[in-house]
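Each of the two complexes below includes subunit A, the first together with subunit B, the second together with subunit C.
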Partner chain A sequence: MSTKKRYERPIITKYQSGLMNKFGSGPSAKAKTSIDEVAVSKLVEEYGSPLFVMSERQLRNNQQNAIRIFRTRYPKVQFAWSYKTNYLNAVCSVFHQEGSLAEVVSEFEYDKAKLLGIKGSNIIFNGPDKSRAALQKAIKDNAKIHIDHFDELYEIIDLCNSENLKANVAIRVNMDVGVYPLWDRFGFNYENGEAWQAIKRIMSEKSLKLTGLHTHIGTYMMTAEAYRIAASKLASLANSIKREFDIKLDYIDMGGGFASNNTLIGQYLPAEQIIPSMEQYADAISSGMFEMNATGSDLPALILETGRALVDNAGYLITTVLANKRLSTGRRAIIIDAGVNILFTSFWYKHKISPAQESGVHVEDSSLYGPLCMNIDLIRESILLPAVKKGEHLVIEDVGAYAMTQWMQFITMRPNVVMIMQDGTVELIRKSEALNYILDRELLPKQLKLK
Partner chain B sequence: MQFFLDSTLYSYAQIFFSNRKWFGAAILVASFSTPLLGLMALLGVLISNLVAYILKFDAEKIRSGFYGFNGILFGASTAFYFELNNLLLLLIPIFIIITFLISAVLEHYLETAFNLPGLSLPFVISVYIFVIFLTNYNFIIPNIHQYGVDSTSSSLTYYMEIYFKSLSLIIFQPEITAGIIIIVAILIFSRVLFVLSIVAFVLNVLLLNFILPNHFDNLLILSSFNSILAAFALGGSLIIPSRKSFMLVILSSLMVVIFTGFFSRLLSGSLFPLLVLPFNFIVLATIYSLKFRKDQTDLVLLYFKPGSPEENFYYHQKRKARFENFKYLFPELPFFGEWKVSQGFNGEHTHKDDWKYALDFVVVDKNNSQYSNEGLKLEDYYCYSLPVTSPLDGEIVRIVSSVRDNEPGDINLQQNFGNTIIISHQYGLFSSISHLKSDSIKVKEGDKIKKGDIIGNCGNSGRSPYPHIHFQFQLNDKIGDKTHLFPISHFIEKENGKTYLRTFAYPKENSIAQNLDVHKTIKDAFDFKIGDKLNFKYELEGKELEESWEVKVDIYNQLYIESSSNAKAEIYLTDKVFYFTSYIGEKNTALYFFYLVAAQVPLCFQEDLYWDDTFSISLLPIGSIRYLAEIFLFYKNMLSTRGEFTFEEDEETQNYFIKSDIIVMGSGLFAFYKKQFNGIVKIDEHDGLKEFEINGDKNLLFKATKTK
Partner chain C sequence: MVNFIIPENIAISESGFLFLAGTGETFTLNQIGKEIFNLIRSKSSEEEIINSIVNDYDIDKATAHKDFADFISQLKHYSILKEA
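Coming up: the complex of A and B.
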């Protein structure tokens, strides 16, 4: 007996001639029925929908490839996992197992890393907001503190002097690398001499040890050359430090910002065709680094805080079709159970979205809405998708970065997150929220109690 | 005073190639079994050492007994050969000084001219001068002490008596008691020498009776003691004991018989006694001739400061295992990161015959693939275009830079080595790196470069179907010259999923190799510099003790750590690895236990890195089992040692650890024996070396903590 053929309701598509599609990657109707050989339907059955899925194998592959690419180009390379990109313990631990330090930008992230068992000296403490208490903790833990502004520097000096502490510090430097707008709101400027002022101030302070220089030139950088310029400017700063103060820096932290495979909204060409490869970033950075007047073990380590490029393609969001409907224009709209509250990145990415089951070859330009009762809840304005029925699933790809940190509880609860382990087993790594998760935090004044 | 006591006792010990004071004391006691002889011997050593001291000879040499033992022999021999009278008592001290002068000249001359020990030749010469000189006085007649054996039966007791007397006679004692004391002392000092004395004696009895059946009785004793001394020298004291050195002893026993026969005839009718002439002649001739062998890997002559034959054996074994390939240049691998050896020495493709010591390297991913995508483009290959670095400091002497890169799968047989850089290093060593990317070479001929400098990029030029680096050492600046076997000083090798430290070794085919990345904390902890001082406190047998160390350097530029507990340990530091190379002192000092747990430390940090090392059995705290095993040392060393080391890190306390398992294993008769020690060295991120401990059978044996 043959299985019953799937019924698809007929659609009428307007014939469009003469439209440019020379570079188009083509309508993707190819089904994504499994993730790392685990069937999507099975995952939903067990863990519900929507469901975030992380791939351990992909995470490790990404990290190992990045290590290989950088370490074959520069002798001392150290990765630091950017917590804000995805700070689920399971994800962080995979990166730590692969040898990464922790890069944190708040006291909360700092404590999270410590609880995972990361020692202070393996934590890089970045960001403009570090409270006095947080700084004190970090100094005592011997963490790598990257100073963002003079007020923070004075605070650290004051702390060290009043409590007789010694701190390992680096400064964050911003600079013109030919990509605009400049990220000059973070750190000390290179061109106007502010960075050098900060270095001199640190050098005059016995309680501070300048261990490195840090920059982070931007995010989703589409040119590798900018990194070469940045590395070369930091190298020249390091050369000056060596010349003036006879200090060998422990490291140069080039930050992150490497683009992932996601195509930006408003970007015409698909990402894989225009973003630089990891090799190109690595070539650019190492060639800038080698402008340092040092060789062999005197070279400072190169620290990389790449987040997005290491985690984005290891994350998937499985979602279920709630309804199909026609808009007033006759345009097809699909309503799914994952909204912008859990997929914040859909505001700037055209995520790759595929059906999770085989379907017909015909695709239709559709809008994809989330379940929220809010007009902004639009996952994709325009996407070519085959017909999907209520209850069927879609897989949104490359959602490993930022989605699971920027998500919010709004109207709906945040869903389960699972990780498909290297051995093919599936582990729940964050439980979906339930009502009591919200209620636990709430206090109701007595006089407002009903009844 | 201590100095004279030391030099006296060491002088006595020297006669039997020993460096133990207690041994010297035992011989001193033995020499007093005929008090007059003992007194004269003592006079000999005291005068010799005093003169050497007044004349300001090297104090360390005087202390070691180097100048004293000929004086002992001479002093004893005077009373042995002559009835003492006032005139003689006046003359003897003068002749002891003469003996000293002869030994100073002769030892020095033999050492510098032939690199040979002086042995007791000075004593022989000086006795001969003495004997002839005394013929000026017709009233002085030799009155030789009786040293023959009374009974003439061929019973066991007869031969035992001869055996003991032979030993006694070495220090001119006619009494059997002296021989018994000597052999007990020898047994305690060295099982090897004990076995040798018996073997040499038995052989000598058999051979003498066979070759010279009509010899007189005294000749048996004379040739026996020469034979025993020669066996000591050739079997274990001047040559590292081995099965071959045992064979040499058999040969030397035969020669002793021949030369005793020869010298006794030569000297018969003259005034000259035979003394230790055969021993000196045979040992010097044998050792000298051995120096001219092309291959010196067996019958190894002592090349270090001697201990007991056993200690010499262990030291040599350890040194061979650790530093067999040691060279004074420390080349590293010519790239950054992890590369796979795609073709090793004697490889199946091109590393054959004159080019067998070459290495090919590529980069692979974790699926062991050399490329991404389909591998149809050069850019798909991970290693293509990667930087290539200089393995050592040097000067660029030759460059080929403009050969076109082949498409994947093609080869260029016209320009076999493709784009190539040849670098000249120190000591006539050259390295050559080939198949570089077209026009990627960043240096020019004549450039001086440092180890680790980028010199070009990996490519696919020449006889290279797929991008790779061809790397070889050679002794010439010619492209494609014969390869030269030269070790990479240190690298990390991944093999079968485990990561090992390799030192002075050769990367193996299909293994993944990378350079060591110096870790600041570990380096700072072990970067001992002259003048560094460290203090430790520890508890031993219920007592709180302290010990301080200071790093010093000797005239040979050898760094060593000296402890307040009178111990001394030599250390060696390359740019990336720390080694302890020796330890001298008691086995209960902090330095001793540190020597065990930090025998070798790479100055990097990698949590899954393993390395191993060997120890001298005599330097392990294993008690008396080894004395038993040493009886069989000539046949086989039945106890082996191995130290396995690894790093660990404690995230919470921010400490690094070096953990070690030190294992002593028996084999053969001693297969039942196994003992294990576990060591931990704790290194603090700020304070460096913090504490170390060693456990045996899960009991804490020792733990020391650094104090300010």
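Coming up: the complex of A and C.
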């Protein structure tokens, strides 16, 4: 057995006076050697690097916790899993097993939910792009169609009248909740009366049943008060509907947009110190909802389409150090095998990144680059990391939301995705791509074939 | 064989805290960084320093060479060291 000391490359760090702050969350020197008690080294050995890892346990904990928090504040709560946030079948299935509906924003997502075994009546169909064929399918399936604009409303009316169908519809409402920019490109505006116009048009059509109201005020919302204002405005609309048409709505859908624990680039304080808790979001929404003139069983259900806040901290990206470099300024640069093509969120988040093995206590301010031969491939401009050697691993945390839907095949292939199950076993849930995956879609005109 | 000179007005503590009296700048070095700094100051050659690291630490000679070169470039960048 070697009696030699553990090697760490020589490091010199300059002290910067006047730059410290009392809120700092400290450097990422603490190693993350395992995920849900499974060793990172074992995962890489078996499934390669880079590697996305989802935690079933964390997904279920997040969902159960959110349900408990909302149900202790409002009697009828229903979550709907936001497919665009992460539509891997294994992830969607966990949320469906926990009782979630499917919330989809395209025909592709709609079909994906159906293939997974979700009934049309348990699908919320959102978004501005619904083809006539997709609407026809959704109407016949009794899906919950959330109308985005008047052209869509008239298309549905035409479809129902020409084919003698009945549709369950809600409208998406946009409004001023004191947060800018206003998301007024989606749905009908509350303040200028457009939403009320749409409601009146729906009520005049026998083929349409108005089942709910929907809003989605933004994304990564850092104030809970905006949700209270939104819920209050929808409650006011619901009261007007009851008064004018004597209709009780089945549900109010408050959308999603709750922030996760990721810190935004340019944000001074760490996210965990400034984003509202799930309890604060729930307090705000329920207090707005209770402005409705209804009690007990007459209260509509509260639907939530929370995506990011339920999935982000259940996702990890394991990556390997390809090289250490020194930039012309003397700054340390580390090149890893995960680029911005598979971690789009690094354009707006300062992800938490930790070494996957024990390291020395000395840290160096480093820039973290991906493997793409593109200048934009920067995962973190500045991060304090200990000396990591070629071949060692880093773990990037809170990558469960959007990374696995917005990723793209570019220069490199998209990697394996595994899920660590509650019983500690590891399941492959999406296979890495190979050259054939790309070539299968390509056609080469015969006159271009090389001899 | 290149030898290096460290100015007299640079002080280093037992724990690797380094002070440039000329400019007032302060730095911290990890254990190996401190050892290399002290070896340079005691006039050891590059080859002697590399051999000492490879003897004491669990590292191959090529990596030790690579990291030594990188460390020297950092010391030069901060004007802590000059080539003789």
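Methods note: the second predicted complex is superposed on the first by the 446 of 451 C-alpha atoms of A that agree within 3 Å, B and C clash if a C-alpha of one lies under 4 Å from a C-alpha of the other, contacts with A are read in each partner's own complex, and residues count from 1 in each chain.
Assume a residue touches a chain if its C-beta (ideal position, glycine included) is under 8 Å from a C-beta of that chain, and two chains touch if they have at least 3 such contacts.
Since the model is a prediction, treat every value here as computed from it, not as a measurement.
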item	value
Contacts of A:F290 with subunit B and subunit C, given as first, second, both or neither	first
Partner chain in contact with A:P276 - subunit B first, subunit C second, else both or neither	neither
Partner chain(s) touched by A:H362 [first = subunit B, second = subunit C, both, neither]	second
Which of subunit B and subunit C A:E8 touches, first, second, both or neither	second
Subunit B versus subunit C as contact partner of A:G330, first or second or both or neither	second
Contacts of A:I118 with subunit B and subunit C, given as first, second, both or neither	first
Shared subunit A contacts, counted only where both subunit B and subunit C touch the same residue	none
Interface residues, subunit B side, partner subunit A - complex	335-339, 363, 365-366, 382-383, 385-387, 450-454, 514-515, 517-518, 520, 523, 575-576, 650-654, 685-686
Subunit C partner contacts - residues on subunit A that touch it in the complex	2, 4-15, 324, 326, 330, 360-362, 387, 389
Complex contact set, residues of subunit C against subunit A	18, 25-33, 36, 53, 55-59, 63, 67-68, 70-71, 73-75, 77-78, 80
Subunit B-touching residues of subunit A, taken from the complex the two chains share	61, 64-65, 68, 70-76, 117-122, 142, 250, 283, 286, 290, 295-297
